[in-house]
Amino acid sequence: MLRYLTGGESHGPSLTAILDGIPAGLAVTAAYIDKQLTRRQGGYGRGGRMKIERDRVAVASGVRGGYTTGSPVTLVVKNLDWADWSRVMDPEPGAAVDERVVTRPRPGHADLAGACKYGHRDMRNVLERSSARETAARVAAGTVARRLLEELGITIAGVVTRIGTVQADVEFADAAALIKAVDGSPVYCPDPAGAGKMMEEIDRAGVEGDSLGGVFTVVVYGLPPGLGSYAQRDRTLDGRLAGALMSIQAIKGVEIGAGFAAASSRGSALHDEIFYSAAKGFYRQTNNAGGIEGGMSNGAPLLLRAAMKPIPTLYKPLRSVDMADKEPYAASVERSDVCAVPAACVVGEAVTAWELAGAVMEKFGGDTMRELSDRYQEYFQYLKGL
Amino acid sequence: MLRYLTGGESHGPSLTAILDGIPAGLAVTAAYIDKQLTRRQGGYGRGGRMKIERDRVAVASGVRGGYTTGSPVTLVVKNLDWADWSRVMDPEPGAAVDERVVTRPRPGHADLAGACKYGHRDMRNVLERSSARETAARVAAGTVARRLLEELGITIAGVVTRIGTVQADVEFADAAALIKAVDGSPVYCPDPAGAGKMMEEIDRAGVEGDSLGGVFTVVVYGLPPGLGSYAQRDRTLDGRLAGALMSIQAIKGVEIGAGFAAASSRGSALHDEIFYSAAKGFYRQTNNAGGIEGGMSNGAPLLLRAAMKPIPTLYKPLRSVDMADKEPYAASVERSDVCAVPAACVVGEAVTAWELAGAVMEKFGGDTMRELSDRYQEYFQYLKGL
Amino acid sequence: MLRYLTGGESHGPSLTAILDGIPAGLAVTAAYIDKQLTRRQGGYGRGGRMKIERDRVAVASGVRGGYTTGSPVTLVVKNLDWADWSRVMDPEPGAAVDERVVTRPRPGHADLAGACKYGHRDMRNVLERSSARETAARVAAGTVARRLLEELGITIAGVVTRIGTVQADVEFADAAALIKAVDGSPVYCPDPAGAGKMMEEIDRAGVEGDSLGGVFTVVVYGLPPGLGSYAQRDRTLDGRLAGALMSIQAIKGVEIGAGFAAASSRGSALHDEIFYSAAKGFYRQTNNAGGIEGGMSNGAPLLLRAAMKPIPTLYKPLRSVDMADKEPYAASVERSDVCAVPAACVVGEAVTAWELAGAVMEKFGGDTMRELSDRYQEYFQYLKGL
Amino acid sequence: MLRYLTGGESHGPSLTAILDGIPAGLAVTAAYIDKQLTRRQGGYGRGGRMKIERDRVAVASGVRGGYTTGSPVTLVVKNLDWADWSRVMDPEPGAAVDERVVTRPRPGHADLAGACKYGHRDMRNVLERSSARETAARVAAGTVARRLLEELGITIAGVVTRIGTVQADVEFADAAALIKAVDGSPVYCPDPAGAGKMMEEIDRAGVEGDSLGGVFTVVVYGLPPGLGSYAQRDRTLDGRLAGALMSIQAIKGVEIGAGFAAASSRGSALHDEIFYSAAKGFYRQTNNAGGIEGGMSNGAPLLLRAAMKPIPTLYKPLRSVDMADKEPYAASVERSDVCAVPAACVVGEAVTAWELAGAVMEKFGGDTMRELSDRYQEYFQYLKGL
């Protein structure tokens, strides 16, 4: 059973994740994880902070000499500005808690509901954790899962397919080409024309002091049929993936395959017919199911889409009310990101990787990568023999 | 901690659910649950079977004299055609397993992936469980949760807002009016004009041997702010609700509030500004967040939407391949539903109720309804004092 | 992941268990489960009720033609006296809840604490569930796990090693001989002399209107090393087994291997030295560890002991207080068991089987028995090669 | 829902715990946790290492200005000799993994089974995590739970009641006196005569190159009735506590109340009769149940006992076999602890605290200490009114 917990605040000393259940013998390095942390911090449309910070993971347990040992893996991402915040965020009684106090809840954030829930007058105690900064830990954790999947020949690609009103035109057939094109794009969009328009829209919104959302697509290649299960509702692969994606900050919609478009289609036009050839075994010519039927992977690439709302911290003032004196005020900031869809896409890849690795471990078990890998191959052999 | 498991096949003796963690002292009757079971079986566009069967729940534990006792609640929904199937579905070695064998996987179903996963040559062993018949148990379980929420003043309404190409025009402001209008509609749609067009589209698709999907919306009124949490990803309310909705058979998309439309909006236009009056406390004039900010309820009505694909069992043949001899064939049926969106909507209400009751129990605890209710009122008092 | 929930009251219609995660293709019949249910109802020292009742399981899902399908397994054990109790225990508002009311908490039972916790004035609402009758469902569930282990060559034996002041002299080396001797003993004790004295002690206590406890030992043969884990505290095999055994009604102590005697031993005398031969691989000549080192099975037989307190329902009056009027009274019964240690032993075997099957599934995964069995054999091959 | 994970190796950089579900507003400082860490490192009978090291916790998240915030609490205990080990334990590929290699499994340790399970040739990869060093993280985590309980008036005391053949004579009636006496004893034993003999036995064993085990007792004062539940087996308080205690390294037996002695008692002599007075409410004059009946706390002090085996690392050689060449050898060490029962006692207190806090949070819920505390008081009020 794969599981993890994370802890850490935006301006605390660090973000930490403890991963339990990773098999022994998985090759993983800090550099491999850092690559994804860097991608999470990148993307056209970010404000100043991202350029200062450079997240680096430190592995504090569970990995030795480049390989996991089967013991829990502890990952630590330091906050590089901790020195500036240590007085205010100090865990000890002497902390300067009367500085940098936040009494004005920002629309679109956890501030107001979090203050109600946890009884805080200073919403700093909310926003420090509810901030998307936390996703650095999720990306670190998910990247270990991604490494595990990679070892089995499973490839995850994340693509920004929409920013604001600009919809890109993306072809998902060729994984390698797709990933290369994404890597070359400042907005993680493999369609150069679309990417250009996206950046223009970001620039325009930035000038106007506004922010933008968008849509990213996570594609997974190389999955066998039979991950997840219809047997119990909380074991369905689509349920788990949708839950993981929707749990990312600012995500308001999730689709699998045809998604909402499926609702408008006729059954005769939508379902992916089944074919067979000796070379390919059972296969499909379409993928409206997005790789999931009956709560299980069906052997086709997974196609997941998530809609991100625009960043709620913006220059243009939003009306709100001070919790202390109930006076209205105009919430605005002096520096912010315009668009964080590329970053969210990286988080989406990471949480997808984690859920898939969990489904893999449930089906294949194994305390070592050798066991896992052998069993995985045996399953493919068995499938060929069907 | 609220949890439940279900068991049962489409043509087995019964569907069963065991619910653990329901507080003592909750008034609940079989008739209350049956009302939702009946709604699940209704809705314009269903084929013959639904008309024969009339699901009735039997409470086999955990309720006495009309009140829960704090012990696990066992709910049993008998399959009324068990007598016809008992030979074929018999758990004992003598079962007639060579009858009603299914070797032809239906596109859009769990059949093929399930056969691979569980090693079945007879896909009856898959479809008996993967069928949406299982949702009768989920509706029964979720209805106990709905009863609990009702006791706290929380109301859940489900509305069919689209069938095929017909989009209804629905106003969510007035819960009572909405529910009444839904109850009066054969397609669970409160917009009479829309409902009429939906039924025409269903009739047309029926004549053409085709099937339709659609969209339903679940609205929840009366929630306090602070259910769910941003503290850990798997405690976010949006993550849990999305996971629960996507785990329903045939659901391919989930939205909260503005959903995918949020991706195209400007931040300045989307976020729900915060206001305050002595009478109302903090409030919003818009609800693009759909009642969830920062992974928590924010006090506004919850707005959840789910997209259902068309039923994959249809008269019009879909191409597939026989698993036994690898020969292609045309999958078609002689009788089927044309559209099950109204039924799915009832399931959506039920799973929403369950997740919300879970979030309520985490925040308020309590082994008795009296405790729960007192604490709930105290929280509202506290909120008023903020 | 293996899990199950049970529901059901002593005098309700039935006890139900839903098991999730059992692989497909496991051969299991009602008769196989019934054998354990019968053993649970047997044993020298039981009062009248056990002789009337004859528990029989009905499999309501997840098994077809004698084999599991991979879907949840629902097991139902009917209460044969339901007809006598249906008026009083009726779930509906009309139940005769003013009959058979219990306001007098019995020492040694859940009655008083349960009434406080769940807010009941009628402690029938507590005792109906807290009763050891519930273990019929646990035995049913655990027996499916036992079947799975059996398929892998793992054998579980339960032995009553003490009743009251009588300690039996038992030799655990030969599993088959042990089980045969247990099966032939009315007190499930393979030592004929000891068994004779136990029955005398039971007779004596019965005459005196008293009750007896005792100790049972569960032995498990054929486990490989490496089940459970030291990696995280809640994955330790000893922790899980101790938790499962202590959760059985009336159990007050659990030991593994030397148990409390280990506390008085010198390290040089206690630890099981390690030897190697080409034929046996690594082996031990002693088993003070009881088959568990470092939270994992170590390849030696598992030796678990549990201490059961005497049945608290007895003829000899125990002093208590009526909850309604706070008047003292003498709690006594007219008919009761004198000793239920043999029954508890069967429950102990069942919960041990369940925990072990869970540890097996975590290490080996698998949706089918074929997969599980293949992987299990491969692990033994690998161990031989070390 | 309270939960935590830990990571970290004996000679890695640090041990880490992430705690999820601690309510906001709990006063907690590093010094409060350090006190327990120091106690864990103390106790007569420890070898050299304990004297060098001084564990100190660093709080890396979830606490600000001396109060929890409701966000996950991250606790880090650095290993002070990390500099000496960083080359050998380095997570990166360049680690000196060919140094300090362990190929000789020590009897009584996880070494051999762990090597089998996780496929390690170098058992350092096992012992680094399976070592009781890990309990520093458990103590840190459990101490936060202890703080929470303390706030509610619940007191936990741990007492060493046996070392080797020396049984102390301990009176548990007066919590404050007990704790004071324990604090003043080098072996955490409040009986001065017994403590003296324990130290003599430790000295003797030390001279002889041997090691000792023992028994500790954890007592909990101030619990209300009704924590835990009989409703489902895995919610029983005794089951959870036994599981937690048995999961501690080297624990081989657990008793609650009379424990194994209950097995030899007559029912009429064992069960705690129930009395009532207006001043005290319901009460008992005996506590053979150890504070738990029917899987719930019953309002009497909790009495838990755990048996620890002697430390398996000792000067006197134990026979084992080298895994690499299968040659026998005599396992011995040059420096080791003679007895770690006092340390284990502190771990026992910590894991008890954690389980109890979990049971409290399930019954009372609450996101803030204010809510929790109010509800807790209300429950006591309600109990008084019974």
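Just so it is clear, A, B, C and D label the chains in written order, and each chain counts residues from 1 on its own.
The rule is short, and it goes like this: a contact is a pair of C-beta atoms (placed from the backbone, for glycine too) under 8 Å apart; a residue touches a chain by one contact, two chains touch by 3 or more.
What you see is a predicted model; the values in this text were computed from it and never measured.
Identification of common neighbours of subunit B and subunit C yields A, D. Against reference pair B-D, the listed pairs A-B, A-C or B-C yield one interface repeat, A-C (criterion: more than half of contact pairs the same by residue number). Using the average of C-alpha coordinates as each chain's centre, D ends up farthest from subunit B. A turn of 180° superposes the CA atoms of subunit A on those of subunit B, with the angle given to the nearest 5. Distance between subunit C and subunit D, defined via averaged C-alpha coordinates, is recorded as 26 Å. If you average the Cα atoms of subunit A and of subunit C, the two centres end up 44 Å apart. Taking each chain's centre as the mean of its C-alpha atoms, subunit A lies 37 Å from subunit D.
Shared interface positions of subunit A, defined as residues touching 2 or more other chains, are 5-6, 20, 70-72, 117-118, 129, 226, 229, 231-232, 363, 367, 371. Within the complex formed with subunit A, the residues of subunit B that make contact are 5-6, 105, 107-118, 126, 129-130, 138, 162, 164-165, 205, 209-215, 224-226, 229-234, 236, 238-249, 251-260, 262-268, 270-276, 282, 288-290, 293-299, 307-312, 314, 316, 318-321, 323, 326, 328, 351, 363, 383, 386. The residues of subunit A lying in touch with subunit D in their complex are 3-9, 12-20, 24-25, 29-30, 58-66, 69-74, 76, 89-95, 97, 117-120, 125, 128-129, 367-368, 370-371. Those residues of subunit B whose C-beta lies close enough to touch subunit D in the complex are 1, 20-21, 70-72, 226, 229, 231-232, 235, 361-367, 371, 374-375, 378-379.
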